Amino acid sequence: MSRTATKVTRSEAAHRHDLLRQMLLIRTFEDKCVELYSAGEIRGFVHLYIGEEAVAVGVNQALTADDNIVSTYREHGHALARGMPLDSVMGEMYGKTSGCSRGRGGSMHLFDVSRRFYGGNAIVGGGLPLAIGVALAGKLRGDQRVTACFFGDGAVAEGEFHECMNLAALWDLPVLFCCENNLYAMGTALERAQAQTDLALRAGSYGMPAWPVDGMDVLAVEHAARSAVEAVRAGGGPHFLELRTYRFRAHSMYDPELYRDKAEVEEWKKRDPIDLLAARLRDGGELTDGDLQAMSEELTGEVDQAIAAARAAPAEPVEDLTRFVYSPEPS
Amino acid sequence: MSSTEMVKTTYREAMRAAIREALQRDDRVFLMGEDVGRYGGCFAVTRGLLEEFGPERIRDTPLSESAFVGAGIGAAMAGMRPIVEIMTVNFSLLALDQIMNNAATVLHMSGGQCNVPLVIRMTTGAGRQVAAQHSHSLEGWYTHIPGIRVLAPATLEDARGMVWTALQDPDPVLIFEHGSLYNLQGTLPADAGAVDIRSAAVRRAGTDISLITYGGTLGTTLAAADTLATDGMDAEVIDLRSLRPLDDKTITDSVAKTHRVVIVDEGWRTGSLAAEVSTRIMEQAFWDLDAPVERICGAEVPMPYPRHLEQAALPQADAIVSAARRAVG
Amino acid sequence: MPVLGADMDEGTVLEWLVKPGDEVHKGDVIAVIDTEKSAIEVESFSAGTIDRLVVGVGETVPVGTVLAAIAEPGRERAAPAPAAARKELTHGQPVKAERPAPPVPAPRPPSPVIRHRAHELGIDLATVHGTGPAGAVTRADVEHVAAARLPAAAAPPTDTGPKPPRSRQKPRPQAGRRRVTPVARRLAAELGVDLAAVTGTGPAGAIREADVRLAGPAGKPTPPTAVAAPAARSAEDRTRSMRQAIARLMARSKREVPHYYVSNTADMTRALSWLHDRNRELDVSQRVVPAALLLKAAALAAWQVPQLNGYWVDDAFRPAEAVHLGVAISIRGGGLLTPAIHDAADLQLGELMARMRDLVTRARSGRLRGSELADATITVTNLGDQGVESVYGVIYPPQVALVGFGRVTERPVAVGGLVGARPVVINTLAADHRATDGYTGARYLTTISDLLQRPEEL
Amino acid sequence: MTPDQAETAINEALGQVTPGADVISLPADADLRDTLELDSLDFLRFVEILSERTGERIDEDDYPQLATKASTVKFLTGRSPG
């Protein structure tokens, strides 16, 4: 627990406040995205993370700025937890040049190489080989970076998943596999897609440490991620966390949700990661309703500012349509 | 440099020398693929490299094309200069997702943040009686994809010189090595090195007809040109070398001179690279044409095993000669 | 109507879960919308009181359409709220005053019925201005466009007279189209080589580069072939290159073709009188000028004296199967084109007149078709309008004859021993002595004169 | 039709038949066919346009009266009551 040494200088309460704030920021951002999408200001596919915030925020606590992240198409939470500026993420939602990917990627392709955030990848399982490669590069160079790779339970059915589990274990690569098991691959329930639904067990079959974690409890996620990252960094090879979580909204913006019961959604909402932490803080006397209200208003203001900035930002000129297909010629 | 010593070599050795040079010159370079290390490479291109550079830089991979090609992409994104070998073009389809959805798109969808300086080498083409899952020429498919470069070294010089230049390119480069070329013998200057990867080459200058080809059919096409010469027909032979992007100027300059074209492409005719070349000639050199553009392509059949059928499926010199005669009339 | 998916353009209200007066909170489901994919619940993004439901159950509206209005919390619903306080919803969300206007909704795609009707009427829907909701194209819009088009559609293709009867039109599917390779075509234009004069040696007689060079000006050094393809050129360039082409062709004609000349004078009394009577009955647009009569006579005569209608190729005369009458047309600003009136001998006079007017118009606006310039079998030049009495022309190789008409003038003519003033025209013929002799030429001109005495048969 | 209206109609018709020619400054007594190099088809078009513009029927027998601008104006104004 080498990192806890730095944490004791901050109060535990302040840290928990920070976790709450980060989760609430993601929630506020995405709530706004729903409105903006409905109004037609944001288009395309937008996959919301609402309900899963504890995973991104918790795992990020265990990573340093030098570590790498490879993400999926449901990555607003990962990007914001990584500290990517609201303006650049919202700009990307609007497809403006102020976006982190100059608007060319949109919701599913947030990139920030300066923060070693190697992209939202919208092919299920497609990011895993990249994470292997990024980790391999670090290993060949002898750096101490850990590569965190996020993917969903759907990816476990892809061949690439198994190729990558094997390769990472075979080559002892410093990868933390973060499987966000939200129980549905789009509309297909886990048990309808997987013969063995214990995903940690399957990862474990490749000879890497793997265990399930309550993905609705940010403190549990943080704890698990810290111990896994520490082990990876110490040369323990790849580790696998199955983060059991749930998305409260549709797969992408809206769907009729024919594939799951409303009651099931309501049941999971009782374990809303934000409510869960807020309640814990309230019980411990670390948070009042007024605090939460103030935090929420402040974050709403920040998101509104990001929206205003995105609206005002310039669009990429059409003359530049084919820019970034190839790297610019060296001058 | 007339005093430069000429050395006997083969295409295989030239390619190996190129990879060795890259590993020596740049410690970001490493090689990975199936059986590239201990086995020495399926086509023995990489034999001896494991001993010389060790298992960290000459990495044998499991049979996981998607994972190791994707790993090459990831490593390139993170600053390395990987060379990934795929055994044959047919197997590359298992990694097509990574090549198309990641290697070719990451630069664009990251708004220019993430380039992918990756070299992927693979064997292509038929001629060795290895039937319908090891013989195809799918490089034309890959030329459809913006974001990557596609090369086809057809000579010893290009086998020796393309790898290094490709590694200097900031974007992904696919190198297609025709399986029938590895044993090609010849001489190279002892100090042969990097070559440009942007232009087509006139392998034989002529005035009466342009024979345009690349890769494995260059030899066939040059043989056809020799036959035509005995008829008094002076054929120009163009080796495309870079299949994407295409060097339009060399092509249209030649057509402006000869007014007649035969395109030779081992790939299937429908939707082929030959079709693309022909279309560009129509777009850019229509007014120079004196006869319809002819194409000699691979027969549209999965490659059969028996030798006589395989040969019948491949572009042959006599077909090129006949097409040239038709065009010149 | 909210956007509920990447491919949603419109939606139908299936059910309202609230009614005016109901309190709603942020996140409350207020309606169910049917999209192309499925029924989806719509939530409110703000709190307040439902003021009114704008779109009724069963109605389909484009995305962006206001579905309902929500009054801010605390406002009385009954009292008509001031505009600033009442907020229109486009998607369950109050529109703030400072917020830019919601995006203009995409026009609703026309329904299949309307698309079908537009197809029937031959109307491109993209050109129809929609007057329906959100600019949607309605059936009335389509009918309106169709009605507006009707007169134009009924009008004949040219303004020069009634459409020729179908039965008179010979189908000419590609018959006049010669096979010429692109480089040969380009080279011919550059060298001023008339492709009609070139013998093709390629497949099915295709004319290739070498054929054009062979037919080109002898001794002329081969020009570089890598010149730019013809692009949009300036008028001066066009005039200059046209002049050069004429120069080369005429020089070649005079160099290679041994011309002989004959002439006669035709009495135009009957012809003009007949024409005068005919034209009196007709609108200006259908009147026929004397030149048309002369052309018709020249064409019919060529039909009757086929030795003059065709090409001198490979040291032999090849008679043509039809009379494609080349007409020399002077271009304002300089230059000359000789497009052909196809099958001129078969055309009724009015039809020929219409073709002539059409050719002149298109020649002067640069819109002639290649075939019209390539395949005349005999050519007429008529400088009568310019006041000359007679014109002796230069043959367009490989044609073998060129007919000239001068001005119709009144001359003293002795008829039956009496001298009177009569309108006459001097007809000339320049012909290729390799193909015919003066006798044939004389017969041709006599035929013209005779034909002009029976104008009603022309 | 007033002389001004007639002249305007004449100028417009001539302008259409001979694009680019300076028909406005053409002297009133200049011979139209000669000065503007009108051939019989051009002249027919001139008559056609003039007839459309003015609503006057112009017969072939009237052509001699259309020799110059002045005579054409006279012809047009002389015929119509207005």
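A, B, C and D label the chains in the order they appear, each numbered from 1.
Rule of thumb we're sticking to: a residue touches a chain if its C-beta (ideal position, glycine included) is under 8 Å from a C-beta of that chain, and two chains touch if they have at least 3 such contacts.
These figures come from a predicted structure and were not determined experimentally.
More inter-chain C-beta contacts link the pair A-C than the other of C-D and A-C. Centroid analysis (C-alpha atoms only) places A farthest from chain D.
As a whole-number value, the distance joining the C-alpha centres of chain A and chain D reads 83 Å.
The distance from the centre of chain C to the centre of chain D, each centre being the mean of the chain's C-alpha atoms, comes to 29 Å.
With each centre defined as the average position of its C-alpha atoms, the distance from chain A to chain C rounds to 61 Å. Centres computed as Cα averages put chain B at a distance of 74 Å from chain D. Interface note: chains touch in the pairs A-B, A-C, B-C, C-D. Residue ranges on chain C touching chain B, taken from their complex, read 181-186, 201-203, 208-210, 225-226, 229-230. By the touch criterion stated above, chain A contacts chain C in their complex at residues 34-35, 37-41, 43-45, 252-256, 258, 311. By the touch criterion given at the top, residues 30, 56-57, 59, 61-62, 64, 66-80, 82, 97-98, 101-102, 106-115, 146-147, 169-171 of chain B touch chain A in their complex. Within the complex formed with chain C, the chain B residues making contact are 253, 256-257, 259, 286-291, 329. Here chain C touches chain A in the complex through residues 2-6, 37-40, 45, 63-64, 90-93, 100, 102-103, 105, going by the rule given at the top.
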